[in-house]
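There are two complexes below, and they share chain A, which is joined by chain B in the first and by chain C in the second.
Up next, the complex of A and B:
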């Protein structure tokens, strides 16, 4: 007797609830036709964003002969691995450049994250008397810059970093924008009460930073690390300004230097024994595109995995307090 | 004396924080503020001095505004300013419309799985360097092998020497910059839209509002503060161009300079190929100062209209 009205009431309630599934963000999106048009619009733009990379992969896998006869075809006359085989034969310069890029990316990211996190943490804490002044010192560099020429002269003359690996690392170590983002992140995600109790237990500020603040801020730190990793991996500008020495050329800069011909890659390769056969048939175009693929592949492969963190991180801290 | 003592005490009390600041502070001073001081070279005839940076700056002769006079006496100053500002204006306006548009569409798609895939695709170009992008562009625009000329050939149209024809490049550069930037630009807006309380939309639907009306009356007003902040930031950098886009993508091709030379590339070429340090610095100082004033001005205007939306 008791159960019947109850169930009737529940079905009644169900009917009046809006028809939406849990977790689904938007049940009321575009209707029929509009939806199809929008899918086509965005789908084709998304494809356009990826297509050039696929196209370059195809070119790198085409035989040089079919390239010279028919140009860059979407479906080549003849597939071939000769470009990659050629690059393997001249690999020393490529490995060298890979090494430089890896070193710069790893050391640069670690250094950068440490410096930025420390600075941002200090200006995020109310106990720090001069936090306003130091926030301004960082913020002002976003508004006014010293310009390229004075920067170049400071780097080469004052710091003496021409043709030094540090010229690839130091210019990108600190970024005021990241400092401000991290500051906001620390303010929001590290409650003062937790720190206070740690202080009462007698922990020093550095200890608190390492043992409590850092673990609480991993999402923020990871975002900054990701941004930095990308910036270092993709950097060619500092190499353009400061590096002449072929053994310090990073990957992106190597790509730039082979833009017109492959000589740069060849200069370190030892071809003396077989130079006749190889030099006669250098797959110029496909080898260059193969270099692009080699330099981009790590990002393209890892990108779907870190994209989530990237998107989340971008929305972590807004500039305003 | 009392004051000095207090100051010393404050420093001592804050020593831990100051120690944390130190590495970043030193970096900011050397890499950002020292170059700002170095801007005085714009008023000097720069000569390298063997004793290093300060000696070079100190011993160079004052020439007053000569570097600026020389810079503005050529046609270059007008050309690079025009290019930089016009391109950036288009980038800001078009970028805003496309990024907000894409974000709104993404948020309204009912198949969120597909939306995720689209977003992944659109974000991809952001992760590529300009060098790689320049190779991509070359695959399309190469005179004898590129896709564009192959297509033209199919229709029996004369192939175009793309890297020598400046008429097409404004469109190319705008398209390439949007291609690379839209996916990235839409992320922040998308996050803001997803954060809007859904009950607004439910209420609007009960009142019979169409999708279009919901977008104009709810979504856009709700993300307006964000639009304003990001646009102020963009207007502040209207005088600084993306070096990679204008230097790398056109492959530093001379015939294209009239439409690809911007302040940044001009300064770079002045420094590296002509070695004219005084004039390059002058161009850089001109760029930094106008950019600074612009950011103050836009912020001031926004402050007058809506205090909460202002950046500072």
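Up next, the complex of A and C:
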């Protein structure tokens, strides 16, 4: 197909020079020069985003001695696996924290997505009598919150959730913002007529939701599922507030504790005479970076699986009404 | 978007917290005094037949794997002695302050909590009414402990004549020292015996700078200034340690500050201090011998502790006589909460903890034969499992002077502590706890200005002749004079009642 217009163009090269250029025009791409510039621009931007993480990996593979003598280097004086060896030594703690994080992330995401989808679907339906009120109740919490102390009191004294794994799951189960996104998504992507035809075929409300609405809304569901997964995976604040029991501490919180401890001890001159014994129990630079690697890799790897839904879900659902 | 909301939520949370803090001061203070009176009334009967109780104890420190194992032993003992079991909860260093703040403002029940000048602030919480007043309780249930604890602690820690926490018996004075990397001292045949101040360091630093290219002569530190600081160390309000000690001053206006910081800056210009000193957060770990001199706070035989963790010898020279400051007497204490259901029993436990060597060593070092071994001469040796699974913050728990000694500890370690405590000089403002409430906004503004200027100045990174006047100008714009007046007023009032 290509050959014919090309030869034709070459014969009438001089006369139709502009035309030939026009033929090469690709509405979905850039012309040569722009393409090169854009590739360099976006490539370097992407590199800037990835670089810190690569740097973390490099630091985690440097030997502690060279770190403290020469500081962080892109090519360390001395490579070493001692950080990962240290993590292997304390593996019982790390595996447990991993387990907690995995459990919280999986159970939390499933629970959270179901609750959000059900709530959002109900308030997306015009037939639902109190949709305005329920929308408002959800929306209100986006504007005002009770504050940390009341939150703490409710969690510990009324719900008795201190030192319970549910303290890591329940506070993040319902997110008003996602409810609003999902509501809009349902209204946009599931036409009323489809629901009506299902009803005529004799489907009940639950069947309609499960068989018709959910399959049509996979991009939206996947997007909030990804957001939730990230939120659960990265959450450390709830653990900081409610968890004392070392066997219930999630991974991110473990990292956070180590960082906080270091900062705190550095800032407190009062502790200097005790420094040796306190610092001995805190992992060193390279070990901390190795922990970051271990804590971040799985979630970074899970991202591509969600990605194909991600862009669609974001653009469709993000228009608030 | 999500982040913004989260941020907003957190912001609101903070605001909520602040409001709660402000509002509760008055109300909570009231309710707790009545509860207290009820409590003391009961105590007479409780003394006869002790009901079994559980005491919740929040302590600072990294949670330890063998805690449960040890607490089982502890509980056997305390059940027998005072019919109480202890629920010890360790909260990590970095989060202790925040957690305790939430716990106290939410009015959660607990019995004992670690408090100090640097975490879970003692004066602030005592004023706020979070801690029970202990004078009477201690007279009744803590007589033995009262005799053991150095009186300087018990007097210095009283706020308006009332004690709100039991101080840990340890070194009472605070003494800044310069510690030296002994290997380098020997290698270049340096004489440190003449070093008594920052200025005396000059010739030594010059040698190190010239001959040791891999070594930074000064491991970044804040210059020592001879003042008793009100609030945090770097804040400007302070009392002089000699001369007119009854007048509160802005220490950044004093002659001695200018002189000291000039020396610091001179060292900086000569390259004795690393160029990014003002902003770097590197901790200069002891194990890495890339420094020559550093500043530390001293306690007797600290050099042997430091040498042990460094792996090479470290020697020290004092910068001044040990002083007893508010910060040093309130360096580590245990308070009893006003929400405690059993303040008497909590006091009995603290009494036992501070006087009974068996209990004190058990909580500190773990179980004999499991975590440590006792040698023939009564000293102990750590088993590896203790460092890994039961590494407790010794100084934060209680009376240090009844602890067993390690085999390489000098036998007279605790006697040296007592001696050190005796020669410590009480600072002029010892026992004066400034109530910052009337000038809260000014202090917040001053704190901002201070954190902008003081790190660079104190570490020598900027020229004091240029920046101190600017710093002071901004301090006065932020309301410095009002705060100085308020401190002076409270101080005079306090002084009169002495």
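Following the convention adopted for this analysis, the second predicted complex is superposed on the first by the 234 of 321 C-alpha atoms of A that agree within 3 Å, B and C clash if a C-alpha of one lies under 4 Å from a C-alpha of the other, contacts with A are read in each partner's own complex, and residues count from 1 in each chain.
What we mean here is this: a residue touches a chain if its C-beta (ideal position, glycine included) is under 8 Å from a C-beta of that chain, and two chains touch if they have at least 3 such contacts.
Computed from a predicted structure; not experimentally measured.
Chemist: Name the contact category of A:150: first (chain B only), second (chain C only), both, or neither.
Modeler: both
Chemist: Answer with first, second, both or neither: which of chain B and chain C does A:127 touch in the superposed model?
Modeler: The first partner, chain B, only.
Chemist: Have a look at where A:305 lands relative to chain B and chain C in the superposition and call it first, second, both or neither.
Modeler: After superposition on chain A, A:305 lies in contact with neither partner.
Chemist: Output check: A:262 vs chain B and chain C. Expected answer is one of first, second, both, neither. What do you get?
Modeler: second
Chemist: Should A:171 be classified as contacting the first partner (chain B), the second (chain C), both, or neither?
Modeler: In the superposed model, A:171 contacts chain B only, not chain C.
Chemist: Quick one: name whichever of chain B and chain C touches more residues of chain A.
Modeler: Greater contact footprint in residues on chain A: B.
Chemist: Just to be sure I follow: which residues of chain A are touched by chain B in one complex and then by chain C in the other one?
Modeler: Common to the two interfaces on chain A: residues 68, 71, 144-153, 157, 241, 259.
Chemist: Please name which positions on chain C make contact with chain A in the complex.
Modeler: Against chain A, the touching part of chain C is residues 1-2, 5, 9-10, 12-17, 19-20, 62-63, 65, 89-95, 98-99, 102, 105-108, 116-119, 214, 222, 233, 281-283, 285-288, 290, 296-299, 302, 305-306, 308-310, 327, 331, 387, 391, 393-395.
Chemist: Can you list the chain B residues touching chain A in their complex?
Modeler: Result: residues 10, 13-14, 16-18, 20-21, 23-25, 27-28, 30-39, 41, 48, 52-54, 56, 102, 105-112, 114-115, 117-125, 127-132, 134-136, 139-140, 142, 144-147, 149-150, 179, 182-183, 187-188, 191-192, 194, 198, 201-202, 205, 211, 229, 233, 236, 240, 243-244, 248, 251, 264, 267-268, 270-272, 277, 280-281, 284-285, 287-289, 291-292, 295-296, 311-312 of chain B touch chain A.
Chemist: Quick one: in the complex, what on chain A touches chain B?
Modeler: For chain A paired with chain B, touching residues are 18, 24-31, 34-35, 38-39, 41-43, 45-50, 52-53, 55-56, 59, 67-68, 70-74, 114-116, 118-119, 121-123, 125, 127-131, 134, 137-139, 141, 143-154, 157-159, 170-171, 173-174, 176, 179, 204-206, 209, 230, 233-237, 241, 252-253, 255-256, 259, 285, 288-289, 292, 295-296, 299-300, 303-304, 307, 310-311, 314-315, 318-320.
Chemist: For the complex, give me every residue of chain A touching chain C.
Modeler: Of all residues in chain A, those touching chain C are 65, 68-69, 71, 93, 142, 144-153, 156-157, 177, 227, 231, 240-241, 244, 246, 257, 259-266, 268-282, 284.
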